[in-house]
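Below you'll find a set of structures to go through.
Two complexes follow with chain A in common, the first pairing it with chain B and the second with chain C.
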Partner chain A sequence: MPIHEQSLIRPENLTTHEEKIIDGIDVSGHWSTFIESRVVTDYNEQMEDEIAALPGGEFIHRCWQCGSCTNSCTVNAVNPEFNPRFWIYLIRMGIESELIRDKDIIWQCVSCNKCTYACPRDVYPEGVMKATSHWLELKGHTPQSPSAIFDEVCTDQIVDTGKIEDGRTLRRFMQKTGQSLLQDWIVAMIKQLVSHLPVSLLAKMGLSTLIAPRTSGWSGARRALKRYIEEQQTEQQMAVNPVVAGEEKH
Partner chain B sequence: MPTDQKNYKKVAYYPGCALEGTGHAYNRSTKAVGKKLGLDLVEVDNWNCCGAMEVKNVDPKIQTYLSSRVMSITANEMDMDVVMAPCNGCYHNLKKAEYELANDKESAEVVERLSKEAGHETYKAGQVETIHALDWIKHTIGEDGLRERVKNSLSGMKIANYYGCMYTRPRHIFPEKDAGPGSESTYRPHFMDDLLEAAGAENVEFPLKTACCGGAHTLSDSDMSTKLVLNILRAAEESDAEVIATECPTCHTGLEMHQIRAEKTLGVKTSVKILYFTQLLGLALGLKPRKVGIQENISSSTDFLKEKGLA
Partner chain C sequence: MTNPILIAGGGPAGLAASHALSCLGFKSILVEKEDRLGGAPILSGYAKLVPSGEWARDAIGGMVERAMNDPLIDVRLNTTVTSFSGESGRFSAGLSDGSGADTGAAILCTGFTHFDPVNKPEWGFGTFEDVVTTTQVEQMISSGQGVRCPSDQRKPKRVAILLCVGSRDRQIGREWCSKICCTVSANIAMEIREELPDCHVYIYYMDIRTFGLYETKYYWKSQEEFKIKYIKARIAEVTSDGERLIVKGEDTLVKRPITIPFDMVVHAIGMDPNTDNRSISSVFGVTLEPNGYVDQLSVYGTVGATSRPGVFVAGSAKGPETIDDSIAQGHAAAVAALAAANPAAETA
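Showing the complex of A and B:
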């Protein structure tokens, strides 16, 4: 599938002067149309380093811009605006304002790893997508995405009990994202399931949503993981927002 | 050692969280098939979650630690050297942890620190070999072995084999794949095709074997998942398949859930059946539908199986 390429030339980047005379020649109207130029201060030179400091972003510097990632991308096939190659270009150039235009879709990467499979330079674009959406949140450009909320719901549960329980995950996620559990399709699914599920299994599943399954002797791991996660979060804040993170520390 | 001479007759069994929840039918059918084939599964003691699809987004090294703990118990407490994980997510994560521990010093240091603080032995790369349920049956029983044992042939059943993402990608964590004749292919996986064909089924030419079902966003971006699942369901139907055979609880549940959701939200109805490959193999080996958890699937396939003389 060919890559749907993005253009940096858009109506809002074009300037036309109604009355313009240059060197005595009248170039009013479309004769004076030009693309607004970027100046050095428009570039965020730290952006690549900041994203490279987050988990998954480490190898962004290897990119050759071949486009294999976008070409193989599952999400790109559904939404042509989803373009990993283009975002990696913007990040490496430091064109923050352009990247932010797509801030609401970058988190939609489904982690299918087709890009990682196709990438000839081992950039691990899947990781770069995760690091980039993480960066957008840490910088305050976007609120926490539904995907990040889901990651948190699952991770908290694992750190706490050692395991994931599906019913609990569903309930907590819907609650945290302000959605009703009584969606048409969830109700239809549960009705179908209950209609032929053996009673004994039904009872077992009901019980496990009340009493979460646990890994026994997990307290040591729980403590270790909590401490490690806290350290990592502080480190990531330092890498992305050194001033803010530093002030909070003191 | 050539792959077909491996001995997986007795292996550690790591069901993982999904197989104790929504993927219950996969757990039941895997155990039933193992028993029927005379293979010994010893469940990993006091196992924990491998990190699923989500923990790596918080920090990949935590996922590496979680998976390493499972392998550490297998090697150091149970004294076994092969662990079998039927779930693609678990299988993938254990493989990935193995790769990271062998190749990334920082990951190894974090795992060592967390293992010490948690109070168990640190897993060292190379102690355990992780295999999938497909490897397990393919290498111990094989197609010829299956053919001899089939009681109810799946003949006349048209199957689209769906492998999903985590079983083949990214390639670097599966060094044993793409290793010449007899090995699995990451580009065109065929182990499930081989086994079901030996059980008598007719595999259709299915172009979306390794397409993504959007499992990572099954709840967080449901519209995307529904679109991706619908692609898979429609492609299977257009390939003339009656059944999609699955080998991953996340894919399986995703296909079932979004088949219903597509009907409810987009008004698109598809009727292709979705069954775990272990359920199909179990039926072929003469097990009753109840024994392979047919009634535990969300969508009912009882009428279809009756029609085929398998229920």
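Showing the complex of A and C:
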């Protein structure tokens, strides 16, 4: 819902007291319902800097709130609560509590980049959505998103062997996300594969599932990749939580 | 040979008009009320100018020097025009120093007056020391002192610039847009960040009017390279918690009230009509437009014509104007004045 259509009074901001007297006046019961203040009393400048330091967030400070991203957004068309323009503003002003209210929908960005093509200021809102989801994870506000888990499963294999093996990817992903492999769609897919693929190809697939072949001479590449990933992770941790990350390093 | 042209006001417009005349070989009398030429950029000590980035003392100072050394320009400082009679081609002017002059035509380059923000008391100027104007910040920068809170000379960590102070406000009878203050504010914001990289600068706006090529050079650049934040809100009140200034208003984008602490608040003051305009109007016999600036007779005919034939106007005397446009209008008015003063030129 566009912010202008949202109710200013939220249920969680209403309080009543069973028994309360203020300055001699009885304010008990629902007749004296209190609305909590919505006043923003400070800006948190760090929040924008943190998200800008994560990949994709670099250009967030360019945003002038035109709304082109939200208007063009695939997910917004389905869920009006999905509002990149609004989140970018909250981040820029450091209104953290408001952003966290939407933590369970921000990661739903499908990376279609329609917003990127609509944005007149090259903010790359798609990147900002990615950086924001990442930030929410690093800060512990959200668990790792399924897409991040999927990325990790793929990356781990690449680093290890230089290859991605489909069967292993599927197994590990389902395991890490706590899902059974006996899904109807997986069973159907395997049946189709078995009945349609030539035997030689099936054999090859089966073999690679069992022995997980490596790219020859990969160990040098593996070391370099690992080092790079570690560097990046420390850098991002430092950006989001300089004190803790700094201590870990020592 | 025609009589010299009388030019009232030695700011950018008047300096340009007198220079244009002398380039064509004609004399002018440049009458300036203050003890120096240069107008607002020199008298108020502006820092780096929009859009050239040159220091005002170099850019406008150069124009002043050129005029002072020009034998065709008769500079009269500390002087005003007290009477002006006759008609186009043959006027006679009385000056406040007691002298008189025959002149073929006159150009009013008498400029503007800075809005005095004590007229908006709710924004704290005059009450809190750390509430300052754009001119004061220009002076802090141009003097080399740097941007400091006047109360204790500390370096501000957070600065708010309030736009449209004394402009676009019917409450105080000022409906015009002062045209340059958005761009000047973006420029000042960048200069603050350049000097104090740890200081965050917020600009509170109703609209951003960095017109034409100023858009990328000031608005975009201030966001993209200097991370200035723009917030759509007209501030309600500036108060203090005893330590810092508190800026109160409504953040219109999130529909929430804000009370944000700041170290320094800068008023982007507008360009009022010159407070002398009533007397200028009666001395020169020209009409003023409803806001109090000198009225222009025609926009597309003779550039700078006023209601009185032979008297012309250029620059911010006729409404908020930039330096470069004031200079262009000074040149244009010089040509128009020359034609009026020299009927031969008109018939030729």
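Quick note on the criterion: the second predicted complex is superposed on the first by the 206 of 250 C-alpha atoms of A that agree within 3 Å, B and C clash if a C-alpha of one lies under 4 Å from a C-alpha of the other, contacts with A are read in each partner's own complex, and residues count from 1 in each chain.
In this text, contacts are C-beta pairs under 8 Å (C-beta built on N, C-alpha and C of every residue); 3 or more make two chains touch, one makes a residue touch a chain.
Here the structure is a predicted model, which is why all the values come from computation and not from measurement.
Contacts of A:Gln65 after superposition on the shared chain: chain C is touched, whereas chain B is not. Of the two partner chains placed by the overlay, only chain C lies in contact with A:Tyr43; chain B stays clear of it.
In the overlay built on the shared chain, the residue A:Tyr89 is in contact with chain C alone; chain B does not reach it.
Shared-chain residue A:Pro198: touches chain B; no touch with chain C. Judged by the touch definition given at the top, the superposed model places A:Val78 against chain B, while chain C stays out of reach. Put chain B and chain C next to each other and count what each touches on chain A; the higher total goes to B.
In the superposition on chain A, A:Ala188 makes contact with chain B only, not with chain C. Here chain A touches chain C in the complex through residues 3-4, 8, 38-43, 45, 59, 61-62, 64-65, 86, 89-90, 92-93, 95, 98, 121, going by the rule given at the top. Listing the residues of chain B that touch chain A in their complex gives 17-18, 20-22, 24, 46-49, 51-62, 65-66, 69, 110, 113-114, 117-120, 165, 168-171, 186, 211-212, 214-217, 219-221, 224, 227-228, 256-257, 260-261, 263-265, 295-296, 298-300, 302. By the touch rule above, chain A contacts chain B in their complex via residues 55-56, 74-75, 78, 108, 110-114, 116-117, 124, 127, 130, 134, 145-155, 158, 162-167, 170, 173-174, 177, 184-185, 188-189, 192-193, 195-198, 201, 205, 208, 213, 215-218, 220-221, 223-225, 227-229, 232.
On the side of chain C, the complex with chain A involves touching residues 158, 200, 202, 220, 223-224, 227, 229-232, 251, 253-261.
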